[in-house]
Amino acid sequence: MDAILLQVLNGLDKGSAYALIALGLTLIFGTLGVVNFAHGALFMIGAFCAVTLSRLLTLSHEVIDETRTDFLGNPLKVDVPYLYDIFGETAGAAIIDWAVPLSILFAIPVMILIGVVMERGLIKHFYKRPHADQILVTFGLAIVLQEIIKYYYGANPIPTPAPAAFTGSFDFGALIGFEPNTIIYPYWRLVYFAFAALIIGAVFAFLQFTTFGMVVRAGMADRETVGLLGINIDKRFTIMFGLAAAVAGLAGVMYTPINSPNYHMGMDFLVLSFVVVVVGGMGSLPGAVLAGFLLGILESFASMREVIDLIPGINQVIIYLVAIIILLTRPRGLMGRKGVMED
Amino acid sequence: MGILEVKDVNKRFGGLQALGDVNLSVTENTCHAIIGPNGAGKSTLLNCLVGKLIPDTGSVMFDGQSVLGRTPHEINQLGISRVFQTPEIFGDLTVMENMMIPCFARRDGAFRLHAIESVGSETELREQAEQMLEDVNMLDKRHMHSASMSRGDKRRLEMAMCLVQNPKLLLLDEPTAGMARADTNNTIDLLKEIKDKRDITIAIIEHDMHVVFSLADRITVLAQGTPLVEDVPEKIKGHPKVQEAYLGESA
Amino acid sequence: MFGLEKKDRSLLILVALLTIFAPFILNPFPEGSAMAQFNAGYPDLMQRFVIFGIFAIGFNILFGLTGYLSFGHAAFLGVGSYAAVWMFKLLSMNVVPAIVLAVVMSGLFALLIGYISLRRSGIYFSILTLAFAQMMFALAYSVLTPITGGETGLQLALDDPRILDGAGASAGNIPVPSLFGLEMRDSADLVLGSWVFTFNIGYYFCAVIMLLAFYLSIRIFRSPFGMMLRAIKSNQQRLNYTGLNPKPYTLAAFVISGMYAGLAGALMASMDPLAGAERMFWTASGEVVLMTILGGAGTLIGPVLGAGMIKYMENIISKINSDILHGWFAFLPDGLEDFVVTIIYPFIGKGWHLTLGLIFMAVVIFLPGGLVEGGQRLAALFRRKKTSTDDGSPAKTEPAE
């Protein structure tokens, strides 16, 4: 029992990331009818928003510390972040420590801007082109974006730690009445899951309870009719694209403490997220979320030693296998709607 | 016993009874029209004949064989060709290539891998195709890109593609929908010519009564998924039930 | 001749001449001159031109004709490479059995993957092929290490059995792939003044195979089969109602193009006998898509042009460094020179992929028909200028060449 729960928990963080990216992909696909291969790059850019902010916060100047000496006996030069000068050492250090959560505030405007520019500048011109063209142009864009990041940030992963308060693990099992030390769970993963749940909830609430969301949902169901009603659907779709970009970006920001960001993380997640979207059902938002968590957890189960001993390599391919089986048996995916992307 | 026998066909879409106990018999070498107001189930019936839809109950026999459960291409191979409401042709191909494809389908069946032979060397099929194009007065357009033709020409081409297969039954789904009067008359002339010259059975769905009464030997009136009357055109014209079905809803 | 129409025959002869004289054509600059870095006439690069040409020609049979966009074609290239290297290890260093096995194996894989993937079309097909390829990549990288060599790749070893070659063949050295004794790496240099031209056996072997592959693709394009494939792209509904079953046609195209990829993979292994999983990565699949589109999908010559372009640019651009750039722009005033170099620098050397991505986007946005269409447009422009006075006949649209 505890072993099963542990695997479910382990699957949650990846599942959350899949769900968030797949949610954005589905929003874009459902509203704009565009297959966006650059969506993974948005996730990656989000992660690098966190890197950028923590670099900005730690911008330093050199100060000579007379009390200490280096190994040659000269007075030691230490880097002091400008933040220390502004807020004092304690507050400054705390701000730097909280760089990742703070990046959320930084990433939201940046990501929305990137999303809107992308839609207005490029994607807009591809609404009427074949899906193959959409795939290809966004694929090209994804390469460009990741190479730009690689040029400025290098090819190596950049460690971006969580705030000290959330590093380390705790005994989750003991909290809910299992034997102590059976379910040890890192704090940040729980934070990530809660954060993902919050974002997903917010997106759904937004679509469900605002007039804007209503129009978008109607547009997803039948774009032409909504257009006929005289509602300027294009403008709303632009905003939708910005929103989807922000969701992907935030997923990236918060993921940085789990895996140090590198320039190709977007592509790694993208392929799997597409699989998630397909499994969930093209154009179905609940499907995307459900499939995201399901596949994340499934992947975590497949990584259990007992399972790997039984079927070697299953952890590497489980998601693809499930996708292939689902596509062949339920072509519309778990919760796909009729008429969306039928052949 | 007709060449096409539809027996007790039912088809529901959710709560909607699209077809209810449809019985239809089309006699060989006649032109049978199916008319009826919008939503009468004409297109559903047609789709049941060509394998696009499968009826919930009932049977559809063509030339002594059941068509149910067969895919569209298998049904075509039995000898049923279909002309669509909006012409379905191979827009990226030239007129001549459009014609060659049914010629190959007729000779080689549903699949045969001719990967090395050249299309150009199939003299016999080319002659067939050219002959057919001549019959529909399109030989001069044979090198044209078919997507760039007028709608009337596309319709002609589609019909030529169906006819070159020498089908036993030609299904026409509103062949003159959206056509100008002159084009409609041309199409009627063409169909009349086909009917007179060839041993072919035609089943036609049509709104335009002018077309129906110019061509049909028998007419079935469909209303709300059920055949109302079936008779020769002269009797259909004044039939009270038909008046009711057509005028009743507008009056 | 060859059962081809005149136009196709001229095209084939042109390509044949270009490949035969490639060592001259690609080495226009004398050795040691400033422009020598733009020479491409050395064996390694020329081999890549023709091998990726084969890969793209095959991909074009699927994508160009049927419109089915496979995003996992590199998987078959990888299968071909592994199969060929295994043949070198087990049987013989002769390239013939290696190529035969590679083509057969990739054909089998393509049959299986195609059979499943082709049950869906459109983006589902693209994602399915992508998923299969990624799955194979993941497996090759991890569990299948005994077969694939995992991260290090599959390499030859001294103690490989090589049953047919006999014990004496490998006297202390790992032998090299050969064609009945002709070693693939052998080259002959021709020195003419300050020009050096290299003629490499491996290159000519690949070139001959590419010409055969190209010839076969012309035949396929002009065959009833090729016409059916174009009909599939154009209107599947009509095809169904014409009594034809699109599935086996598409599957046949998929398998044929998979075998082309396997052939390319085998040739890669024959030139350099090792195989790694990265050859199957999805960026490699994306690259062949780009080659085909850049040249012109659905055209005969397009994929060959595209493959050549991409591989040439990759090679040249990734060799340029900031010193070379400074050399080029030395004529500019100092500040401006530095500025220009700073602007260009991200796109060269290691920045090749950035340039690649930009080319990708530019082609899809501005030139969906690729270089061939671009050429045709240019030609039409010139023709119109020339004949603007006596042009009375409306342009006749020919089928895609």
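Labels for the chains are A, B and C, by order of writing; each one numbers its residues from 1.
The rule is simple: a residue touches a chain if its C-beta (ideal position, glycine included) is under 8 Å from a C-beta of that chain, and two chains touch if they have at least 3 such contacts.
What you see is a predicted model; the values in this text were computed from it and never measured.
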item: Farthest chain (mean CA position) relative to subunit A; value: B
item: Chain nearest the overall C-alpha centroid of the shown protein atoms; value: C
item: Subunit B-subunit C separation of Cα centroids, rounded to whole Å; value: 46
item: Approximate Å spacing (C-alpha centroids) for the pair subunit A, subunit B; value: 53
item: Geometric centre distance via CA averages, subunit C-subunit A, whole Å; value: 35
item: Of subunit A, residues touching subunit C in the complex; value: 35, 122, 125, 129, 131-133, 135-137, 139-144, 147-148, 151, 267, 271, 274-275, 278, 312-313, 316-317, 320-321, 323-324, 327-328, 331, 341, 343
item: Residues of subunit B touching subunit C in the complex; value: 50, 71-74, 76-77, 81-82, 84, 88-94, 97, 100-102, 104-106, 108-111, 113-122, 143-145, 148, 161, 165
item: Touching residues on subunit C, where the partner in the complex is subunit A; value: 67, 69, 71, 116, 119-124, 126-128, 130-132, 134-135, 138-139, 141-144, 282-283, 286, 289-290, 293, 346, 351, 353-354, 356-361, 364-365, 368
item: Partner subunit B, residues of subunit C touching it in the complex; value: 3-5, 216, 219-220, 222-228, 230-231, 233-235, 237-245, 248-249, 252, 256, 396-400
